[in-house]
Each structure stands twice: as structure tokens, then as C-alpha cells.
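Each of the next two complexes has chain A plus one other chain: chain B in the first, chain C in the second.
What follows is the complex of A and B.
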């Protein structure tokens, strides 16, 4: 700690702090433009100048100057004010003063500063910029005439996002922020830059002229897309969510967001939202009231339960409280057939981690990734599945020199991070690579085997996984594999990352087991700093597992339910917040089940392709209308708060379950989400220790920041199988989308509106295919047509297709395998 | 969105072998962006856009950052340059001795002013601050050749000489 005096106040701060940070901690205000908490100090704007007793004669920028013992700082004096005012005059020489039509008005740092410093006149006159605004991209409006060159957008895009869209170009007066070749912005559109901009130079285009900041009601909640669980602040005007605002003061994940979180909100306001229950009459779905709809559903379920039984297929975007009510409702109906997310994709957690570590969750929290020295990312690119975790990885590398190892079947953005070492494997053989790494660690005596069960059996099972053999099968370089294994073993704070979800179903249990084996051998789980992360695809994937939305006590899993529905062994399916027809692997199997099942209830916010087949459709509500909690992929339980009223007669999933259970004679009415949360604690011990009202801005992590594994057992897993054929199709998540719901959101759609088939340049050349050509892709007895996308991400022979788009029917080809052998022609 | 970038048609056909060979030397050489770009410029005569994307990919530096460097330094040229670079000294001595008229003559005969290149890619004009030959003012340089004590007529002769050359 260092002691210093600021404005006569004695302060003691960490020696790493800057004067600005010390002043902030002491509640002393120093104006800034270019400073941001999450960025490295920069010192571009010169607004934060202060006087230091020991450095008399000149003013010192407080945001870049570290504190030192005995420093005496003055933050306001007549002289300082005069200098700051002069700085303002310089800034305002060429800044257009179009505040009346600038969307930033009311929350503009420059405006506030001009007000604070009483800058009413300017002694200088100069040229004003007259640059055209960037009208090319759909989401981020760039008006460089308003720019004050603080460089925050340049820095956030580099330091945190790792994309590098912007740079300062030219020199002197001509200097401005621009993209390469000063073209329109064409990036990931995470919008981190506009969240950083202190002025109106970067603004969210969809929000333009929608509201003044002070008109908005701000509601802190959790993003409804992926398992990252980022804090979003809903900007509500009337009964519409007009924008998503970020919060780096209280937000989880530093207020960082991706395109889905920041721009993917419009679906909650969509005109196509279901507002009334629908019941099928004479073969057609017609609107009805809740009384009739609930009666039809309860009659139908009772009849089915009296016959072959009922099955519940849930999505993973319900709140924990709703999951609890779903379980109670299923019990009321008398069935144990409850499952979520297709029943297979999460088995890496429920079976893979369970059999090795004895827990069914990630072992550490996201901020710990920032402190890791070695990070191993497996299979999917986290920038695509969980973009904000990708940003944490980027920061760990750029700021703390973490080493990144990647075992994957394709390249992604992670591969471009400085020093990233990629073991590019054939699809489906990542498992073999992990096994080989474990073998190297064991054979070279680098393993930590104290207290670890099953070492000898495990080592014996690896005979066929020598680096050389695996190299020959998988295409990975044997020496690189050995080096990666040694590096992981040397980690003091290691991180292993693996994402799961519907498009990553193949070998997920095996991959998670292999990842856990590696983590155990390198001492990762349970050690402070770093951990093993299995990150779910949806906002409450972890909650679904915690709450036990799984087949238990002999109940049927999702796949068994679908099979049962097809062959007359199940009389009713109740689908909640899920569109299995579009998103589950093996569309034909799902379609057959949905068509053949005698009674189908679908509860959703849109009339999805699955809902169109239903006998009863119940209108549910979006995350922006819900009260309750989500548990993110790091086990953090956070409050979801309603920002807008539900459209029409739509009801929350929980309210529907309660009403139906009531009809069947079980009173499930609770006074509030808090009351249900208390009930959850009785079923789920980990939740019992947490009080609903204690869930502050950062939520609460169940099991603690570092979760101690219940066991450390190595479990042998066989290798993957090479997919024969000229091309191997892998499906996955595209950066801009999440599940199927984002395909109803204007922001993500503006950037990516349809599915595509992505090929490497070499394959494209061989096939004589150019970007945008229509390709026929056939395999697994089906054929789909998609536009080609050509770049350098994919190795020869691999084709990638995102799975989000219902009309692309990718799941006619993809049946849950790690890779599908396909033929491609023009 | 696609990462593909629009490039002008004639630039698409540029042979990147030379740039690749240059970059081979710098791939494991941290912080060597400037010398790599200088060599590329020496090879192609300017920095063609495809080589910028190639450099970004191979050296793992953002394209935007490279563009920032290229636009900061006057030494880099993003457009093709003429075979003969005509540097017109605009320093104090030359200015006093009529550099303006010399520049006018070049504009009149070749149709180019500062930073412009003739369509046949033969000449590029550059007005420079001082080339350190004030005793010979007004002075121009054509590539490495220096021509001093110029008049409009003498300038014309110099231009004619180079026009006749390939």
C-alpha cells in the first residue's frame, strides 16, 4: 500500500493504482475523456491534469501517473481549471456542435465537461471536419466529425475484443479513426466501441432517434442468449425495449457484450410474438382464451398419462424458478419423462464431469481465466459460442502473457490471438489429440497423480494414443502435440475450455471426460486461479442441470421420448421454449415424432415450425418480461428482471405451469420468484446457501469461486473415428447468432441473414466455387442447398454450416455426429 | 459478414510471390513491420492492397493498424508510382528562385501535380521541402539525377530527355 494526500485527504491505495484511480476510490472527482476502467491507461485527452507538490512547474495527467509514497496531489485549482478549459477549447475547435440532433445528448462526456468547466466561448478558430458518416454497416453509426480522438474504440477493439477494426490514420490535423482503407465498418459488430465512445461519434444505429437517454427506464437483467450470463441493462420506453445498455460499473463480465446481447433484443418487441393461446380445431390452429386452452391441455395430458404417458421437452432459457415449477408440474402429471436441450448435448457435464470430478459444472469463474498462464481451448471457437469468454481469453493473453493452446477442427478468431498454438485436427479426432496429450504428460512423469484414482488403468488404456499414431490419424504435428502437453503440464494456473450445445452433440461426453482427465493430470480442478470450464449454449443451461431437468428415476430422455412418440409408446409431448424441429439433430426423426404423437403442446414466444404442428400452442414470454434467476456457465446465479409487460395475453412459463398444475389439483401458486427460489434450496443443496435477496449486481456463485471436485478419477475414453469421404461437414454456432431465437432479432439478422456453407480457399478453388455460389451438399441421405462462403478458416476437406436457421434444414444432414461425410457440388 | 475486401480489379491480379518471399524473413521477427513494408514497396514500387492483407495475415497484425502506419509515414505509397519520380524542391532558396514556375512547367508538360502519377505510370511528381542543394536553386531531382539552376526551358529539356527514354 502507498499513502498519499489528494486535496488534503489522506489516502492509502495499492501501489499499482494511478492517481486517478486513487482519487476515484476516495470519492474525489477528476474529469476524464479517454480513461476507461477496463482499458489500459492512455493519456490522450489531457483533461485529467492535476498538480503534484513534488513535481511542481507542470501539470501531470492523473490517469497515467502511478501513485508514490507521500505524494501530495491537488485536483482543482484556478490554474488547473484554466488549463482544462484550454484543453476543452482545443477539443472544441473542430468538434461539430450538433448536440440538438446527437443521440448522445444527455450522456455525452464532452457535453458534461463543457458544462462543468463552463466552456461558453472559444479563443481559437479553426477548420471543422466535414467527413461523411459511415452509412455502410447496419448497426454502428460512425460520425467522425464528433470524434475527440480519445482512442477508446481503437483500444477496446484491440485490448478486449481482439478484432482490430480501427486505427488512427494520417497525421496531424488530418488524423482520424478509421478502418483499414477507411472503408465502412465490417466487423463482428459487438458494439464494444460504441459502449466506450465518450461522445456521439459511435452510436447504435437501431436506437437512432428512438429516445433521449433520460426518457429511458433502465432495468438491470441478464442477457437471454448464451451461458456467459453478461449483465445487460434494458433501456425501456413505454412497453418496448428500445436498446440494450452496458454497465461497466456493476456488470458481470465487465459490462462486455457481443452482438447478440447488444443488438439482438428486437425479437422481444416483435409483432409476430404469440399473444393468445391457439387450439387446433378442424385441423387449423385458432385463437382462443386461456380457460379453454388450459382445459384442452389438462384433459389431453390426463388422457395421455392414463394411456402411454407424457413427455416434457424443455429448452434451457427458462429461469431456475420456472424449471422448478416445470418439475413440480411434471410430477403432478405423474411423469418422470423430463429432459432439456435434446437430451444429449449436455452429457459432457452430467456424465463426463460427473464420472471424473464428481461435479456437474465448471470448476471456476470467468475472471480467473484472466489470471491463467496456460489456456487450452477445445473444439469450438469461444469467440463464436461464448464471445465474451473469448474476450477474457484475449485479455489474459495480451495483458498477462497467457499461452493459448487450441485443439480444434477449424481455425477461428482464437487462433489469431498472439502466440496461439493450434493443433488442427481432423473433425472428430480432437478426442484422440487430448488422449495423446494425457499420454505424454503421464509418460514423461509430468502428471500430478497424488490423490488421483485410476491412474494405472488409464495409462494402460492410452497404448494406442502415442503422439506419432495420433499425429498420423488426426493430422496434428506430433512434436507440437508433445510441446502443448508439456506446456499444459507446466501451468501454474491452467484453464481448460470446452463449449457444449445442440450443434456440438457428437462425442461431447467423451470430450468432456478427456478434458477432465487432462485437467486432473495437470492439477487444474480445485486449484485457485484457472479451472475446467464447460460452457452451455443457452442462458440457463447450467440451471437446467442444477435443477435436474433430466430424466430421473427411470424416466425417458429426450431421444427416447422422440422415439416413443414415433412408435406409439408415448401419447403426449409437451415442448417448452424449444424448437426441436429446427434445432435438434436429425430432423426426420423429430418430425416423425411430432407428427405421430397423439397430443402435442408447444409453449413458446413465436409460432415456430414445431409450434405449427401442435394441438395447443401456449404464448409464453421472453427474458425481458421475466422475474427470476439464471445460472450461467460459471455457476453464477443472477437476477433476471422484467423490463416490459408481456404482449397480449402471453404468460410466463412458470405461470402457465402453475395454472395447469392447479387444474390438476396441485396448488403451485407462489407469491414471488423469491418464494420459489427458497423452495429450490430444499431440492438443490448448493442453492440453499444463497438468499434470493442477496443476489446483488454480481449475483452469487454457488459452490464458491473455485469449486472443489468431489473426486479425481481418470476415466478411459476411446478415440474418435475418422470420417471418410471427400468432405466432412461440421455444424456449429455462428458468432452472430445463438440458438434459433436470434434469427428473429433484427440486429444479428442484419449482419447474417441466412445459413451458408463455409469452405477453405483451396477447396473452393478445386471446386471452382466463388463466394455466394449456390452449393448442393448431400450426405446422410439428404441434400440441402446453401450459399458458399470462402475464407481461410477451414482446413482442406472440411465444410462448416451454422445451425441456427430453420429454413436451411441443416439438421436433415446433421444427426448428432461430430462430422458428417458429405458430397459437395455446384 | 465476409472478411473479403473489395480491391480494385487490376490489383487482384498482383503476383504475391514476391511479397510472400519478403514476409518469410519477417514472420518470426517481432516488431518488423516497417522494414517488411519498405521491402514490399521496393519490390512493387508501391504498396498494393493485396500485399497489405497478406502482411496482416502472415505477421498477425491488424490490417487497420498497418493502414495506420502506411498513412502516417510519407515514405509509403498506396498507389502505383511512375518509373521516374520528379522531386521538385520547394525549399526557401528554390521558392525565391522560382520553384513555382518549375512546378507549373511540369504540370503543363506532364499534367501532374504533387503526389500524382501520369496514366502511363511513367512520371510521378513530388513537391519536397528541401533536397539540400540550395546553391543550385531552383532544383529538381528525377530519380537519382539532380538538375539545378533551372529555367522553364531547361526544365523542358529535362522532361523531353526522360520522355524519350523508356
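What follows is the complex of A and C.
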């Protein structure tokens, strides 16, 4: 700690603090433009100048100067004010004063500063810039005439996102921020830059001229897309969500968002949303009222339960409270057939982690990744499924010199991070690589085996996984593999990352088990700092597992339900917030089940392909209209708050379950989400310790920041298998989308509007394929046509297809395997 | 004392004579209000559109909350008021909107005959205000 005096106030702060941070801690205001809490000090704007007793004679920028013992700082005096005002005059020489039409007006740092410093005139004259604005890209409007060259966009894109879109070009008065070759922006479109911009140089294009900031009602909620659980602050005007506001005060994401979170909100305002219940009459879905729809549903379910039974298939984007009501409703109907997300993809957590660590969740929280020294990412897709955790990984590397190891079948954003070491294996053989790493650690005596069960059996099972053998099979370099294993074993704060979701069903349980084995051998789970993270694809994947939306007590799982529905063993299917026809593997199987099942109820916000087959469609509501909690992939329970009223007669999933249960004689009525949350505590012990009203700004993590594993048991897993054939197709998540719902959101659609088949350059050259050519891809007895995308991400022989787009029918090829052998022709 | 009475009354009687009245025969005769009179608003036109840039300062400053603005982007990429309405029944003619306007797009005219028969007729849309 260092003692110093600021404006006569004695302060004691950490020696790493700058004068600005010290002043902030003491509640002393110093104006700034280029400073941001999450970025490294830069000192571009010179607005934060202060006087230091020991350095009299000149003024010192407070945001870049570290504190030192006995420093005496003055932050306001006539002279300082005069100098700051002059700095403002310099800044305003070129800045166009188009505040009336600039969307930043009202929350513009420069505007506030001009007001604060009373800058009403300018002694200097200079040319105002008249640069063309970048309106080529659909999401980020760049108007460099308003830029004050604070460099925040450059820094955030580099330090946090790790993309590096921007840089300063030219010199002197001509200096400006530009992309490579000063072309239009073509990046991840995460919009971090526009959230940082202190002026109106970078603005969200979808929000252009929509409203003034002071007109918006701000509602803090949690993003409805992935399991990262970022706080999104909805900017609500009337009954529409018009934008997502910047908020770094609360939540886990430090104000960082990805394209889905920042620009993927428009589907909640969509005109196509279901507003009335639909019931099939004479083969056509017709609008009806709730009374009739609920009657038809309850009659249908009762009849089915009297016959072969009912199955509930849920998505993973319901709130915890709704999951609870779903479970109670299923009990009321009298069935144990309840499952979510295709039933297979989460088995890494419920079975893989359960059998090794005895817990069914990630063992640590996301902020701990920031301080890790070695990070192992299994599958490069982690950045694509959970971009904001990917940004934390980037910060760990850049700020704290963490070493990143990647075991994957293709390259991705993570591979581009500095110093990333990639073990690129054939699709399906990542498992062998993990086993080989475990073998190296055990054989070289680097393993931490104290208190670990099953070491001998495990070691014996690894005979076939020597680095050399695995290298020969998988194409990974044996020495690199050994080096990676040693590095992971030497980690003081190690992190293992693995994402799961509908497109990652193949070997999911085995991969999670192998990852857990590796983590146990390197002492990762349960140790302070770092941990094993298994992150769900959807916003409440973890909540679904915690609340037991799983086949229990002999109930059928999702796949068994679909099979049952096809061969007459199930008389009704109730699908909630999910579009199995578009997103589950094996479309034919799903289609058959949905067509054959005698009674199909679909509860969703859009008339999805699945809903079009239903007997009854019930209009549900989006995350922006719900009250309750989500549990993110690090076990953090956070509040979801309603920002807008629901369109038409749409009701929340929870309200529908309550109403239906009431019709069946079980009065599931609760006064509020808080009351249901208390009930959840009775069923789920981990939730009992947490009060709904105590969730606060950062939520509450159940099981503590570091979850101690209940057991440390090594479980042998066999190797993976590769598929033969010229091309191996792997499906997965694209960065711009999440699940199928983002294909209804204008922002993500504007960047990626249709499915594609991605090929490496070598393959493209061999096939004589150029970007945009239509390819025929056949395999697994089906053929689909997709446009080609060519880049250098994929090794030879691997084709990647994103799974989000319903009309691409990718799941006709993909049936849940790690890779599909396909033929490609033009 | 009598003298004073006579003096005073003479002034009174003088005013009763024709040509000394301050009232006028409205509506056949109309007074010209002062230049600073705050009557009906007018949106100032420029060459091809209204001068207003839809900055939202007038609805923000309006103490009676009688101004509704909705901005949009025109073909040239400029910001313009797609909707501009004043609810004259709510307006208190304070003139803050004129004062707040950064582009001098709104002014107050000498028009004070605002009575009407229907509630809807008190809603002054952009077209009416541009006249």
C-alpha cells in the first residue's frame, strides 16, 4: 500500500494504482476521455491533467501516472482548469458540432466535458473533417469526423477481443482510426468498440435515429443466448427493446458482449411472433382463445396419459422457475418423461463429470480464468459458442502471460491468440489426444495422485495411448503433445475449457470424462484459481441440469421419447421452447416422431418448423419479458427481469404450465418468481442457501467460487474413431449465431444470413471451388446443397457446417456423430 | 375638494367620448399582438424539407409534455422528424421549445385564434405546423 494526499485528503491505495484510480477510490472526480476501467492506461486525451507537489512546473496526466509514497496531488486549481479548457479547445478544433443529429448526444463524454469545463468558444480555428462515413457494414456506423482519437476502440479490439480491426493511420492533423487498407469494417461485429467510444464516432446502426438515451428505460437482465450469462441492459422505448445499453457495473461480463448479445435482440420485437394460441382444426392451424387451447391440451394430455403416455421435451432457455413449474406440471400429468436439449449433448456434465468428480457443473467461476497460467481449450469452437469467455481467455494471455493449449479438429479464433499452441487432430480423435496427455503426465510422474481413485486401472487402460501411437493416428505432433501435457501438469492455476451443445453430441460424455481425468491428474478441480469448465450452449443449460429436467426414475430421455413417438409407444409430445426438427441431430428421425405422434403440443415464440406440425401451438414469451433467474455455465444464478410487455395474448412458459396444471387439478399458483425460487430450494439443496432477493448486481454462485469435487475418480475412456472417406463433415456453432433463435434476429442475420460449407484452401483448390459456389454434399444417405466458404481454418479433408439454419437441413446429414463421411461435388 | 372631483371626473368622461376606447370590435377588428407574443407554433421550412433535425430537445424541455417527435432517416441519410405533433390542448405557450431548439426550426407566431369544436382538431401535425 502507498499513502498519498489528493486535494488534502489522505489516501492509502495499492501501489499498482494510478493517480486517477486513487482519486476515484477516494471519491474525487477527475475528468477523463480516454480512460476505461478495463483497458490499460494510455494517456491520449490529456484531459485528466493534475498537479503534483513533487513535480511542480508541469502538469501530469493522472490516468497514466502510478502513485508513489508521499505524493501530494491537486486535482483542481485555476491553472489546471485553464489548461484543461485549452485541451478541450484543441479537441474541438476538428470535431464537427452536429450534436443535434448525433445519436450520442445526451451520453457523450465530450459533450459532458464541454459542459463541465464551460467551453463555449474556441480560440483556435481549424478545418472540420469531412471524411466519408462507413455505412457499408450493417451494424457499426463509423463517422470519423466525430473521432477524438482517444484510441479506446483500437485498444478494446486488441486487448479484450483480440481481433485488432482498428489502428491509427497517417500523422499529425491527418491522423485517423482506420481498418486495414482503410476499407469497410469486416470483423466479429461484437460492438465492443462502439460501447467504448466516448463520442459519436462509432454508433450502433440498428439504433440509428431511434431515440435519445434519456428516453430509454433501462432494464438489467441476462442475455438469452449462450451459457455465459452476460448482463444485458435492455434499452426499452415504449413496448420495444430498441437497443442494448453499455453496462460494466454489474454482471460477470464487465460490459463485454458478443454480436448476439449486443445486436441479436430484434427477434423479441418481431412482427412474426405468435400472439394467439393455435389449434389444428380440419388439418389447419387456426387462431383461438386460451380457454379453448388449454382445454384441448389438457384433454389431449389426459387421454395420452391414459394410453401410452406423454413426453416433455424442453429447451434450455426457460428460467429456473419455469423449469420447476414444468417439472411439477409433468408430475401432475403423471409422467417422468422429461428431458431437454436433445438429451445427449449435456451428458458430459451429468454423466462424464458426475462419474469422475461427483458434481454436475463447472468447478470454478469465469473471473478465475483471467488469472490462470495455463489454459487448455478442448475444441477450438469454444470462442464461437461462448465468445465472452473467449475474451477472458484473451485477457489472461495478454495481461497475465497465460499459455493457451488447444486440442481441436479445426482452427478457430482461439488459435489466433498470441502464443496459442494447437494440437490439431483428425475429427473424432481429440479424445485420444487427451488420453495421451494423461498418459504422459502419469508416465513422467507429474501427476497429482493423492486422494485419487482408480489410478492403476486408469494407467493400465492407457497402454494404447502412447504419444507416438496417438500421433500416428490423429496427426498431432508427438513432441508437441508431450510438451503440452508437461505444461498443463506444471500449471499452478490451470483451466480446462469444453463447451457442449446440440451440434456437439458425438463423444460428448467421453470427452468430458477425459477432460476431467486430465484435470484431476493436474490437480485442477477444487483448487483456488482455475478449474474445469463445461459450458452449456444455452442461457440456462446449467439450470436445466440443476433442476433435474432430465429423465429420472425410469423416465424416457429425449431420444427415447422420439423413438417412442415414432413407433407408437408414446401418445403425446409436449415440446417447449425448442425446435427439434431444425436443431436436433437426425432430422428424419425427429420428423417421423413428430408426424406420427398422435398429439403434439408446441410452446414457442415463433411458428417454427416443429410448431407447424403441432396439434396445438401455445404462444410463449422471450427472455425480455420474463421474470426469474438463469443459472449460467459457472453456476451463477442471476436475475432475469421483464423489460417489455408480451405481444398479444402470449404468456410466459411458467404461466402456461400453471394454468394447465390448474386445469388438471393441481393448483400450481405462486405469487411471484421469488416464491417459486424458495420452493426450488426445497428440491435442490444448492439453491436453498441463496435468497432470491439477495442475488444482487453480480448474482450468486451456488457451491462457492471454487466447487470442491465430491470425488476424484479416474475413469478410463476408450479412444475415438475417425470416419473414412475423402471428406469429414463436422457441424458446430458459428460465431454470429446461437441455437436457432438468432436466425430470427436482424443483427446476426445481417452478418451471416445463411448456412455455408467451409473448406480449407487446399481442398477448395483440389475441387476447383471458389467462395460462393454451390456445393452438393452427400453422406449418411442424404444430400444437401450449400454455398462454399473458403478459408485457412480447416485442415485438409475437413468440412465445417454451422447448424443454426433450419432451411439448410444440415441435420439430415448430421446424426449425432463426431464427424460424418461425406462426398462433395459442384 | 370639489375642484379635485371635477378634475377626476373630467378624465373619466373624456374616456367615454368616441375615439378614446381601448377595446376593439373583435372579430371585425383585430389587434396586432406584440412581436414577442407567444401564439401558435410554426415549423420553419428550409428548401425541400423542414428545418427540424429531430434532436428531441423540445419534447425533453416541454413542461407540459405536449410535443411528440419520432425521428427517422431520410433517403439522403439525414435525420428528420417522421412525426412531429403538438397537442395544443396541453400546450402552455411557455416558449421553451423555441428557446431549446438548436437549429431555429420552431418559432411562435402571432396566431392566437385556436378555438375549435373537436378534440382532434387541437392536434397540430407536422403538415399543419409547417404552414
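Here is the rule we go by: the second predicted complex is superposed on the first by the 824 of 826 C-alpha atoms of A that agree within 3 Å, B and C clash if a C-alpha of one lies under 4 Å from a C-alpha of the other, contacts with A are read in each partner's own complex, and residues count from 1 in each chain.
Definition applied: contacts are C-beta pairs under 8 Å (C-beta built on N, C-alpha and C of every residue); 3 or more make two chains touch, one makes a residue touch a chain.
Small disclaimer: the values here were computed from a predicted structure and weren't measured.
*Asks:* According to the stated criteria, A:680 is in contact with first (chain B), second (chain C), both, or neither; which is it?
*Replies:* A:680: touches no partner chain.
*Asks:* With both complexes overlaid on chain A, does A:640 touch chain B (first), chain C (second), both or neither?
*Replies:* neither
*Asks:* Mind telling me which of the two, chain B or chain C, contacts the most residues of chain A?
*Replies:* B
*Asks:* Check whether A:792 is in contact with chain B, with chain C, with both or with neither, and answer first, second, both or neither.
*Replies:* So A:792 only meets chain B here.
*Asks:* When the two structures are overlaid on chain A, which partner does A:158 contact: first (chain B), second (chain C), both, or neither?
*Replies:* first
*Asks:* Tell me the contact category for A:135 with respect to chain B and chain C: first, second, both or neither.
*Replies:* second
*Asks:* With the touch criterion stated at the top, can you tell me which chain A residues are shared between the chain B interface and the chain C interface?
*Replies:* In chain A, nothing is touched by chain B and also by chain C.
*Asks:* Chain A touches which residues of chain B in the complex?
*Replies:* Result: residues 1-6, 49, 52, 56-57, 60, 62-68, 71-72 of chain B touch chain A.
*Asks:* Where on chain A does chain B make contact in their complex?
*Replies:* So the residues of chain A in touch with chain B come to 158, 163-171, 178-183, 186-187, 189, 416, 418, 751-752, 771, 789-792.
*Asks:* Quick one: in the complex, what on chain C touches chain A?
*Replies:* 53-57, 60, 71-73, 77-79, 102-103
*Asks:* Show me the residue ranges of chain A that touch chain C in the complex, using the header's touch definition.
*Replies:* Residues 99-101, 105, 135, 208-212, 214-215.
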